[in-house]
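Chain naming follows the written order as A, B, C and D, and within any one chain the residues start at number 1.
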Amino acid sequence: MKLEHMYQDIILDHYKHPHGKGLAEDFNAEVHHVNPTCGDEITLRVTIDPDDHKKLIVSYDNQGCSISQASASILFDQLNGKTFAEGEAAVDHIVAMLQRAVEPDEDILGDGIALEGVAQYPARVKCALLSWMAWKDAAIQALGTENSTQNESN
Amino acid sequence: MTTFDVAAIRADFPILGRTVRDGRRLVYLDSGATSQKPFQVLDAERDFYEKHNAAVHRGAHQIAEEATDAYEAARANIAHFVGAQANDIVFTKNATEAINLVSYTFLNATLKSLRGKDLPKGAQRFVLAEGDEIVVTEMEHHANLVPWQELADKTGAVLRWIGLTDDGRLDYDSAKLIIGSRTKVVAFTHQSNLLGTVNHVAQLVELAKSVNAVTVLDACQSVPHMAVDVVDLGVDFMAWSGHKMLGPLGIGCLWGRAELLNAMPPFITGGSMIETVSMEKTTFAAPPARFEAGVPQAAQVVGLSAAVDYLNAIGMGNVAAHERHLTQLAITELAAIPGVRIIGPTDTSNRGSAVSFVVDGVHPHDVGQILDEQGIAVRVGHHCAWPVCRRYSVPATTRATFYIYNDDSEVHALASAVRDAQKFFGV
Amino acid sequence: MTTFDVAAIRADFPILGRTVRDGRRLVYLDSGATSQKPFQVLDAERDFYEKHNAAVHRGAHQIAEEATDAYEAARANIAHFVGAQANDIVFTKNATEAINLVSYTFLNATLKSLRGKDLPKGAQRFVLAEGDEIVVTEMEHHANLVPWQELADKTGAVLRWIGLTDDGRLDYDSAKLIIGSRTKVVAFTHQSNLLGTVNHVAQLVELAKSVNAVTVLDACQSVPHMAVDVVDLGVDFMAWSGHKMLGPLGIGCLWGRAELLNAMPPFITGGSMIETVSMEKTTFAAPPARFEAGVPQAAQVVGLSAAVDYLNAIGMGNVAAHERHLTQLAITELAAIPGVRIIGPTDTSNRGSAVSFVVDGVHPHDVGQILDEQGIAVRVGHHCAWPVCRRYSVPATTRATFYIYNDDSEVHALASAVRDAQKFFGV
Amino acid sequence: MKLEHMYQDIILDHYKHPHGKGLAEDFNAEVHHVNPTCGDEITLRVTIDPDDHKKLIVSYDNQGCSISQASASILFDQLNGKTFAEGEAAVDHIVAMLQRAVEPDEDILGDGIALEGVAQYPARVKCALLSWMAWKDAAIQALGTENSTQNESN
């Protein structure tokens, strides 16, 4: 049954016990993304790791359906502390997976491969992507602030 | 309800014969978003294209004459349906455009007046000054909220609103405080598309009249579901959409009091709404033409007229009674499920057939998905009435809406599927 | 024209099988006002209603998904037809609304900027100051003239226009003098619906670009009749109507450059064009949703997409060649009649298939009547381009317009009927 | 043939040799009416007869199709020098005739009964009525000026 394929136990588990939910105090960039059709929302912060400027620390708070919440929890597992290049590759991969353009790769998405079933429900794809789009937006902004700070200090 | 034969009605709606999600019967409980269309409406539209298609009001040849006659006869029929005169009905693409037509009237009259440009006699009624007030309610669809926010933003007028009580009704006590000497327009819905609440039009009209404010009624959820008579209602403007009352997509209606329509500068301008045109100066036609720029949607108007015939044949009293019965049943069955909470009035007096609810522990989007898997089409989300969700502290709701082609078995299916959703998500 | 089989095409158009005025074959020479529809388009629309009808972008259930997919796939197909990206196409009810959307963008940006309200980045491009100039041409349809007159009236901007030469062409020399440093927008037609003249887009775009003015192309009479590629044209906006290109009534298109669409405040506001809404404040969705408030005309969009498929199958090059042939024939035959004068270019280079003429001693309305009696449907009057009539000192014209379903015999019938009109009125 | 019924010789004759065309210098009211779909226009003046205040003198100038021009010429024949009551009755009658609601009455409309055939062509009815509507508008205005003049002189 397609429905069970979308709502795999691993998804429901992330939904009921989300990883890393809660906003960090310090951050370089904060974004607030919403899905205007259903009202799901996420606030996501990206902090540049003070010890390793290549690494991006993620924190978030959100409300929404099981898919959007589980997806954010999975995103936290996968992208927290990763570089922009790694994160961007993961975003590209999940987008492609949800357009059924690639086979899911567990090395890139971790539990995120369980979101594959969402591709059968086009109206839910936005739910699954909400946090990933927010991450990309925030990451770019965070790196932008760093560059401008560097520029200013030059 | 001896006169109400749902099975016969269903046979007129081709889409209800289809299945969804691997062979499930379609249980369509989303008529509040858009209704389905009987073949009579589809035939009327097609017949227009196959026999009489021409640009209305722009030709003198035979099919142009026929197209124009069909368009104007449809206008008269649709007007009659709401107790109006034909020439007081303006066709738009949807109710949203109809409401914007009124909100932009205020903007355009204000700007032209500031610059001393020509305005029709009586247009002063629409001129706003800094600090003038626009009143809406907290239960408006975005279509009757955002245009007024925008108008306020652009003119310096102030948007105020009438709040809601905990049981999903308008707070009439506060309405008396909010509608005052600076109020220039009171825009409100006849029936909330999220709560189902039917508002007391006469009471708001009386308050608005006492301060000489223009009243704008959003009748999107009333005209399709009950007998509506604009004269009885006493409002100044009324907007609704054809697609929610068995009619085609792409056609909306604005009714306006004749003396107000006459006093309005145009909104969208172009062909067929002019009197004379030179490069230097244009004068405008009388209503309704003044507000119908461009080649009109004649086929859609003809289709809507067929929808009106269809509803008239059933009788709007019977439509309302049938819906009241289904609504009562739905509220009873849903309220009986532990963990389900209805957002909106739970008694059926002054209440339409939109039944919104939340299920503890299951997000509406997920509820909708489980229902959909069983072939039950409901709407989930904020239903373009986000402030109502905020008011009742829910992120969104699941909403079932009923119409003439729904029956008791579909209500049972809804309630049973909600229980399944609870099971699925282990709550 | 080996690839062009008019008889086969005619068989696809149900209305062409009907007779008019006591059994006369219908000779439809009024496609410039609105085209007829092949059954493929009517079937596509009906199929949508019978199988996939739901409110687009408002539901998560299966038929809502299908409706949304059909709507967006149609957008992509229609965009591709004019060389555009899907998200740069906005659907409106007709070209008139599309042009008003742009003219109101200037108004709304100007007002919001004056009051320091939120505007998208880049909206400064649309802010007008007192004395800024709007340039149009003297050959515009009212749809591309009156909205700009109104904008000038409401903002204190000045409307200027490029005149016409005696042989029905734009006066490019004067264009160079008129487009100047105060010009903020240049709006012009691709093909005149009265004269048939096809304008030199690149030349006007270059002038507009040199002063950083926004260009708006009225493509109502070009997109249906020739291959059009927005990228090649180099304009900033392009507007056209579906009903003139075999599509349903009630659907128009606006193409805009992505960075400009992004920079525009909304026009008509309401549901489905928002990002977040509270009573205090609303933020808006990205284009094209930002400009598509209300339940969209999905069935019409699907129908228009079928029209695009139909035209693609013929090939727009073939369409243009066929029309050029008929136009040449019509000009030759009409010009050969003593007392008949063509209003517009008499050579077919840079010229479309609208052929307007006057008959000495017989008013156009009367010419049209005699033609109609013979089953020939033409348009008479000022064709929503009144200033063109004034320019050429005629009260009105008779206009024949040709499309894919017309053939040589219909041109002969036209010329012969014009001679009959002369006889009837004894001139 | 319906067409010949509309374009009777008497109509074509009025069209080619219109009666009373040309504007009077003095007038109490002038109106300018147009048919926006085709551009037909008429300027019509009404002068209150100085010798008999009940009588209204008509003058006009116009351009347009045969029907609108013939109709104005006929109007001149019928209404020039008539009272408002007589004129209004004629206007009501021609409207009713063109809606096929009454049999044409030659006593009221004179040559105007020949316009009966126009009723078969709805798009042309406006042409036939243009001058009559203009007359009514102008007559009401002219009488209005007289009343207000009287009021002022009171």
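Here is the rule we use: a contact is a pair of C-beta atoms (placed from the backbone, for glycine too) under 8 Å apart; a residue touches a chain by one contact, two chains touch by 3 or more.
Bear in mind the structure is a predicted one, so any value in this text is a computation, not a measurement.
Trainee: Can you compute the centre-to-centre distance for chain A and chain B, using the mean CA position of each chain? Integer Å is fine.
Mentor: 38
Trainee: Can you work out the whole-Å distance between the CA centroids of chain B and chain D?
Mentor: Computed from C-alpha means, the inter-chain centre distance equals 44 Å.
Trainee: Quick one: which residues in chain B touch 2 or more of the other chains?
Mentor: Touching at least two other chains: 58-60, 64, 274, 276, 365, 369, 380-382, 386.
Trainee: Among the residues of chain A, which are close enough to touch at least two other chains?
Mentor: 37-38, 121, 124
Trainee: Chain adjacency by touch: line, ring, star, complete or other shape?
Mentor: Other.
Trainee: Using the contact rule from the top, write out all pairs of chains that touch.
Mentor: Pairs of chains that touch one another: A-B, A-C, B-C, B-D, C-D.
Trainee: Give the list of chain C residues in touch with chain B in this complex.
Mentor: Those residues of chain C that touch chain B are 14-15, 18, 20-21, 26, 28, 30, 33-34, 36-37, 42, 45-46, 49-51, 53-55, 58-64, 92-97, 99-100, 107-108, 111-112, 115, 117, 138, 141-147, 149-150, 153-156, 159, 161, 241, 243, 248-252, 266, 268-274, 276-279, 281-282, 293-300, 365, 368-369, 371-372, 376-382, 384, 386-387, 390.
Trainee: Provide the residue numbers of chain C that touch chain D in the complex, in ascending order.
Mentor: 21, 363-366, 369-370, 373, 380-382, 386, 389, 395-396, 424-426
Trainee: Going by the contact rule at the top, pick out the chain D residues touching chain C in the complex.
Mentor: Answer in residue numbers: 1-3, 6-7, 12, 37-40, 63-69, 121, 124, 127.
Trainee: Spell out the residues on chain A that touch chain C in their complex, using ranges where they run on.
Mentor: Residue positions touching the partner: 34, 36-38, 121-124.
Trainee: Which of the residues in chain B end up touching chain D in this complex?
Mentor: Counting only chain B, the residues touching chain D are 57-60, 64-65, 68-69, 274-276, 285.
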